[in-house]
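For clarity, chains are labelled A, B, C, D, E and F in written order, and residue numbers in each chain start from 1.
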Amino acid sequence: MGAELIAIFIVAIFIENVVLSQILGLCPFIGVSSKIDSATGMGFAVIFVLLLASVVTWSIQNFVLVPLQLEYLQTISFILIIASLVQFVEMVVRKTAPALYQSLGVFLPLITTNCAVLGISLINIKRGYNLVEAVANAAGAGIGFFFALLIMAGIRERLDICEIPESMKGAPIAFITAGLLATAFMGFSGLV
Amino acid sequence: MNTTTAALNTPAHGLLVTSSPHIYSGLTAARVMWDVNIALVPALAMAIYNFGARAALVVLASVLGAVLAEFLIQKFLMHKPVCVSDGSAVVTGILLAFCVPAALPIWVAFVGGFIAIALGKQVYGGLGQNIFNPAHVARALLLGSWPVYMTTWLKPGAAMSTGAAITDAMTCATPLGIIKTAGRDAELVKQLSESGTSLVSYVFSQLQIGFSDLFWGINFSGSLGEMSKAALLLGGLYLLIRGHITWHGPVAMCATVFVGALIFGGTLEYAAFHLLTGGLIIGAFFMITDMVTSPMTGCGQLIFGFGCGALTLLIRMKGGYPEGVCYSILIMNSLVPLIDKFTMPRKFGQVKAKEAQA
Amino acid sequence: MLEPKSFAGGLHPPEMKLTSDKAIKNLPLPDRVVLHVSQHIGAPAKPSHKITDKVSCGEVVAEAGGYVSAPIHATISGSVIAVGNFMHPFGVPSPAIVIERDPAVAEPPFTSENGLELSVAEIKKRIQDSGMVGLGGATFPTHVKLSPPDTKPIDTVILNGVECEPALTSDHRLMLEETDKVINGLQLIMKALNAKNGIIGVENNKPDAIKALDDKLKALPNITVQPLKVKYPQGGEKQLIYACLGREIPSGSLPMDVGVVVQNVASAAAIADAVNMKRPLLERIVTLAGNCVANPGNYRVRIGTTVCDFIEMTGGLKKDVPLKKVIMGGPMMGFALFDLHIPIIKGTSGVLCWDSEEAAQPHETSCLRCGSCIRACPMGLMPQKMKQLIDHRKWDKVDEIGMLDCIECGCCAYACPSALPLVQSFKLGKKNVMAERKKAPANKG
Amino acid sequence: MQILTAVLVLGILGFVFGAVLSFASKKFEVKVDPKIEQTIELLPGANCGGCGYPGCAGFAEAVVNKGVATTLCPVMAAENRKKIEELLGLNKIDKPDMKPVVKAALVKCNGLDTDEYKKFEYMGVPNCQAAVLLQNGPWLCPHRCMGLGSCVAACPFDAIKIGPHHLPEVDEDKCVACGKCVLACPKQLIEMVDKEKTVHVKCNSTDRGAETRKVCKVGCIGCGLCVKVCAYDAIKVADNLARIEYEKCVGCGACVVKCPQKTIIMETRPDFKGRVAVIDEEACIGCTICFKVCKFSAVNGGTPKEKHSIIPGKCVGCGLCAEKCPKKCIKMIDKA
Amino acid sequence: MNDMLRMGSFLFIIAAVAGVLLGFTEMKTSPRILENRLKQLEQARAEVLPEAKKFNDIKSENPNEGLLYTAGFAENGDLAGIVVNVAPKGYAGPIEMVLGLKTDGSIAGVKILSQKETPGLGTKLADNVFLAPFKKLLQDKQKPVFKVKQDGGDVDGITAATISSRAFCVGVTEALGTFEKVREQLPTLTAPTALPAVPQSGDAK
Amino acid sequence: MNPIQQLTKGFWKDNPIFVIGLGLCPALAVSSSLSNAVGMGIAATFVLIGSNMMISLLRHLVPSKIRIPVYIVIIATFVTIIDKMIAAYSPALSASLGIFIPLIVVNCIILGRAEAFANKNGVFDSLLDAIGMGIGFTIALCCIAFFRELLGEGKLFGHAMPFFSKDPALIMIMAPGGFIVFGLLIALKRLMASKGGN
């Protein structure tokens, strides 16, 4: 059991990295990866929201939708719940812990429309994970996102002061770098 | 003010005015790169010894692809002065050819050289700007694109010319390939442990070789240039003596693999096997020392080398691929900016300044 | 205490010290001198004479422009023929006084007394009056350096006899030929600062100088000679103090913060003259070297002599070797001149006349990230990163990684295989960083 | 039945979240700068991160507090952008076309770039400040434009280019007079001048005439001829340098013709040779106004009712008479 | 409070309308989706066990284990064979495959359901490149050894994808093992009367 | 802006993928074959049209504080509808697009258009905008898919192409290929734009 959980976790971080292998959450991956500081904040925020969302959506699916035979409302209810919850948490954090808000909370709204969150929630259901497995998967995905984002931010800080050709500056070089990073991460395949 | 000698009357703008310093070490980028090419010659010789003209052909195709890409892109896309003659594209081409099998179709080698420079180097603005090791970028992309070609290993001595089709008789597995498949085969592992033979001796018996073959790079198969550790070490030593590389990276990487294999594999034999197989030596001496894609300080290079070694071993022992040098280097390349950030050299007077404030 | 000491970083360029066996020669007086009013760090001096005024050698022709400033003295007797803008060695036309020699007027004699018996105040006054500035190149007014605030007691005075710049040998010759004067100067400085210890730091490649000093110092237990590893920039103030005493000057601080004052050996010798003989700073020893000069060597020359006069007096240039580059100072930190009608100033330690082979300039390519510059930097900086940041005008970030700590020693640029103009970038960077700091003083703390 | 449960479940979810959110937004309200709040209102709220900031709120804060350009947001509607800019009073710089910019940068140097005016060939960092640090730059004239384009690099609007003679050229249509180039120039060569002004002194050298002449063929020598020829008292020489007082200058070009160094130029017409007044004898009524008004005694006449004529050699082409003529019978025509 | 109600009810209305729409869509599409899914399943089963027309899922007594195998019955209600799902570990993940076994234990058909092998390499398992020779082997040989030729068996492995090929053989062997285990129960099975319920997508695991 | 411009701006000039750079995940994840690209494009266009028109209709009614949840509900409704339709009528497409259909909900293009356009404009204009953006999205996806399928599988719409089909570069249909092709295409588009501008 434990080994299986660890496997799910590791696979989610490295082998099926949300960004580099599943291609989810690209908008913030490209958008928030220009500075290491904000990448760190965003990374932690994503881990948090992924965990929260996967717990809540798993519960909704298994305690509400399945019993009522309303599986077809999956998408709409998940996104509604994720969006509202995140917004709620953001407001609470902002009021009660301003310091935390400055380093993490500001990124929360950005995550609502991050398809990694909804994507991982859906994958959890699709693969029929139980709650613990779902949490392990979400944690791995979040950490994987964090890693990818941090690496990318480091690279982009360096690229920022390099002589990149004019037409490659910004998004193109970021995507090519992401592609090469994804190639590098293929090295993890078959692990576990 | 009257001048006294005619010589002093040189026209004003005849004198050269530049900022200090006015003397230079004489080292140039081109010199460094051509020295690396020289250092690669012994390994090239061994490759030709093992695989005949085929080896030369693959190297040539890859170098041609690299140089052509460099030339075309600089000339027509960037409109920059062409600096093919600095030899860095040649290094990339040779090193790429050194980590592919000898049986690789010539056109694949050419494409590899081309994308190494195009996608690995020029998109970032050329020499010195790239994040990833261009040769490895190309190798990883080739491996992903044409896995069959990239894992068809020619038997040494099985002379192969351009057109000849590859038959099963001409191919064989690499030591790392055998140990990987053997390790996955639970039944075989059980048999071996019952009979008391180690995995390594199983590999040796399968290939009928020993450690000295591994060291000299004969009688087994592998990528073109990675086989002869002796030749590579010779080249590495040359670079060390010329001062183009430092000991930090290579030592850290080799030591990590050796010690790691010793701990997780249990035997000295196993550790030595990992040290002498695959692309470890060429990676440690020629690839993680690529100054462009590795950390700048000694401390950073130690971390970098350690990371490469650890990932290599992880992939070799647990991962899907038999060999992990290429991917470990690429992954560590991506971490270089972060490593650089955290291993800034200590500024003279820095700590004291803090003490003084406190 | 005789093993060579050193510091981290730095490098060893070819020494090129071909003139180290050439004894110092006194040159005849020049016909004309150009005396710039700013030959030192600090406020320019104020000219006190008009055209046609007669002046005699040693007379003040420009008074100090403030406390951190130094007076300028006439270095020959004659008449002022011009007061106006003349080309300064830094390339900017700037105010100067031109004196034409009157052969009829003889040099006034200077009498000697024992300076060590004078009061500290008198020593300092004589130094200040003599227009003394550091002769090691930085030309900081000496009397300021010798008057640290009471809160910063000085325990050690280090004489800088390192002469780590390739090609220059004037300090070497001075230590050999005027050993006594150097030591006397050191004693005077120590007295002025009430410092207990004196150290003379000399690189190991001048064993004869070390021996000469050692012999004379047997009698003086509080002064020692410290042999140092042959490495550039051993003579950099911070490096020298670290090598001699193991003390690290905190970033942004001065030697006096660690209880040390550093003076060049030539400064010490000049101080001895200034105090013992009340002789103003009239001349200095300049190394003349390079493939183009007919008679390379060390020459004692009047300050204000133009470079072309100077070269001419030593015997001119070789006829058949075309001149390509003229450097005032050493090859590592000196600056190239475009015109030779420029006077030798107080800080000029050498003049190098190079042919095109010596002046060969490598072609600039892009940075390889090889790290040579980092290994070479004696200040532990990241020249490569600083250059990139400067190229992208990120002044706040270069400031953070220590732009202002750069001593412009040139090690990085020397080592760089891509021949990047690192030092020039850093000069630019320092200027902008200082401007930025001024703009936002609030951010400094 | 199916539909009913769906309606109920979704409806309840919707109600609960709507209620909870509006409750929370009151309960956990945090005071923020109203400007930020208003900006957030105007932003799309898609929180996509396309701007590179942590969501719309983060972007709003950056826009308000750090003056970040609103254009970074890829999805915002154009009118909202305008509204935000109005809200923050931003539109001066970001929208060149919003406010008529009357001034543009003028580079006060026209130095030649042949070898005889050079001290040496410059090699090194391509930056004017850096060049100044190296023996005060490669030009003999200490005031000459370095021509290495620090101003070009500083201009956010791509309005300056280095022209063929190592001199910057300003594209007046693009220039919004932001003044960035003024700060970048180590030689203080750039000044903001009304766009419609066309006559300029293209020199900034305060050296004495003799010195200037040694190092530059087109430098101002402070001879003062322009001062004498200006009928509008619009040009002054101080510190050996002529300066135009643009409020007074009418652009007649008299000084351009007179300047012996060709330092003063007429921007729009490099071939300007000067003008002369021509009196339409038919229409002239001999009112003597032109005679009185001419500062150069270039008008014949003085007796009332007698037709005036211009003395060709004396007319400098200032146009004062043409302006003052009640009959409008004086025309200024170009000299060939 | 007022505000809360207003917002809440607005969202309520919107969500409710959405509910209506969705419920309606679901009503319209769900039969078809069900049908599709059934068809897929049927197709797979029919492909691997062409004789069978009706199927019965046999579950283990241990509820954690889920589906054991599916028994297939011919039109006339006779047992035609069984269908077994196996998922051996391939090169990059499990290879999900179904096998149809006739009552005598011979293989009636094989189908790969899903796999994560390298496209163009391991994925050839599902192609005729691999399956055609395999089917031929089943016809030609009475008792083939289900091992790759390199390992001394009869199966033609895919060149340079031996790992995938081996995994395939492991899957076949496993299915045969299942058959051996349940051989005795087979005669006790009876054909179902109605169509079986469609398994949820998650059940495939 | 006339209706034609309203319609065509999204095709190329303001292409949501290449120029605005949002909604990238589906663009890269399902662009490994042309048929997937077209399928995804149609699905997204449907959702865009539905939500844009609906939001444009409701634009005066929605309280601004909860407009985002309202948009989400509306979008999610259309997404679910198209999801179910595809599952019902094209199971194969549904299988290969996987969870990327439900993920249209969070696709920033849709929300972005809702906010930036439909919220401010009439129904007809919103319709044109939606169609234009939808087609632009499809065009972009097809551009990427064209190269990926051709180079990675040697096929176009599943038909083998001579020359390319012999030894296709498999990496192109995997994740790295998507990133790289996309990066190069944006660069190319920029290069073309800058050439055109001059």
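One rule holds for everything that comes next: a residue touches a chain if its C-beta (ideal position, glycine included) is under 8 Å from a C-beta of that chain, and two chains touch if they have at least 3 such contacts.
Bear in mind the structure is a predicted one, so any value in this text is a computation, not a measurement.
Steps from subunit C to subunit D, taking the shortest chain of touch contacts, total 1.
When C-beta pairs in contact are tallied for each pair of chains, B-C comes out on top.
The chain with its CA mean position farthest from that of subunit E is C.
With centres defined as mean CA coordinates, subunit E is found 46 Å away from subunit B. Separation between the centroids of subunit D and subunit E, computed from CA atoms only, is 75 Å. Chain geometry summary: the mean Cα position of subunit C and that of subunit F are 69 Å apart. With centres taken as mean Cα positions, subunit F sits 33 Å from subunit E.
Residue positions of subunit B touching 2 or more other chains: 12-13, 15-19, 119, 123, 125-126, 129, 141, 144, 147, 320. Counting partner chains per residue, subunit D shows two or more touched chains at residues 2, 5-6, 9-10, 13-14, 17-18, 21-22, 25, 46, 48, 50, 119-120, 123-124, 133-135.
Of all residues in subunit F, those that touch two or more other chains are 21-22, 65-66, 68-69, 73, 76-77, 80, 84, 108, 111, 168, 170-171, 174, 176, 180, 183, 187. Taken as a graph of touching chains, this assembly has some other topology, since it is neither a line, a ring, a star nor fully connected. Every pair of chains meeting the contact definition is listed here: A-B, A-C, A-D, A-E, A-F, B-C, B-D, B-E, B-F, C-D, D-E, D-F, E-F. Of all residues in subunit F, those touching subunit B in their complex are 167-172, 174, 176, 180, 183, 187.
Of all residues in subunit D, those touching subunit E in their complex are 2-19, 21-23, 26. Within the complex formed with subunit E, the residues of subunit F that make contact are 62-63, 65-66, 69-70, 73-74, 76-77, 80-81, 84-85, 87-89, 91, 152-153, 168, 170, 173-174.
Against subunit A, the residues of subunit B that register as touching in their complex are 77-78, 119-120, 122-126, 129, 131-132, 137, 140-141, 144, 311, 314-315, 318-321, 324, 326-328, 330-331, 333-338, 340-341.
Within the complex, the subunit A residues that touch subunit C are 160-163.
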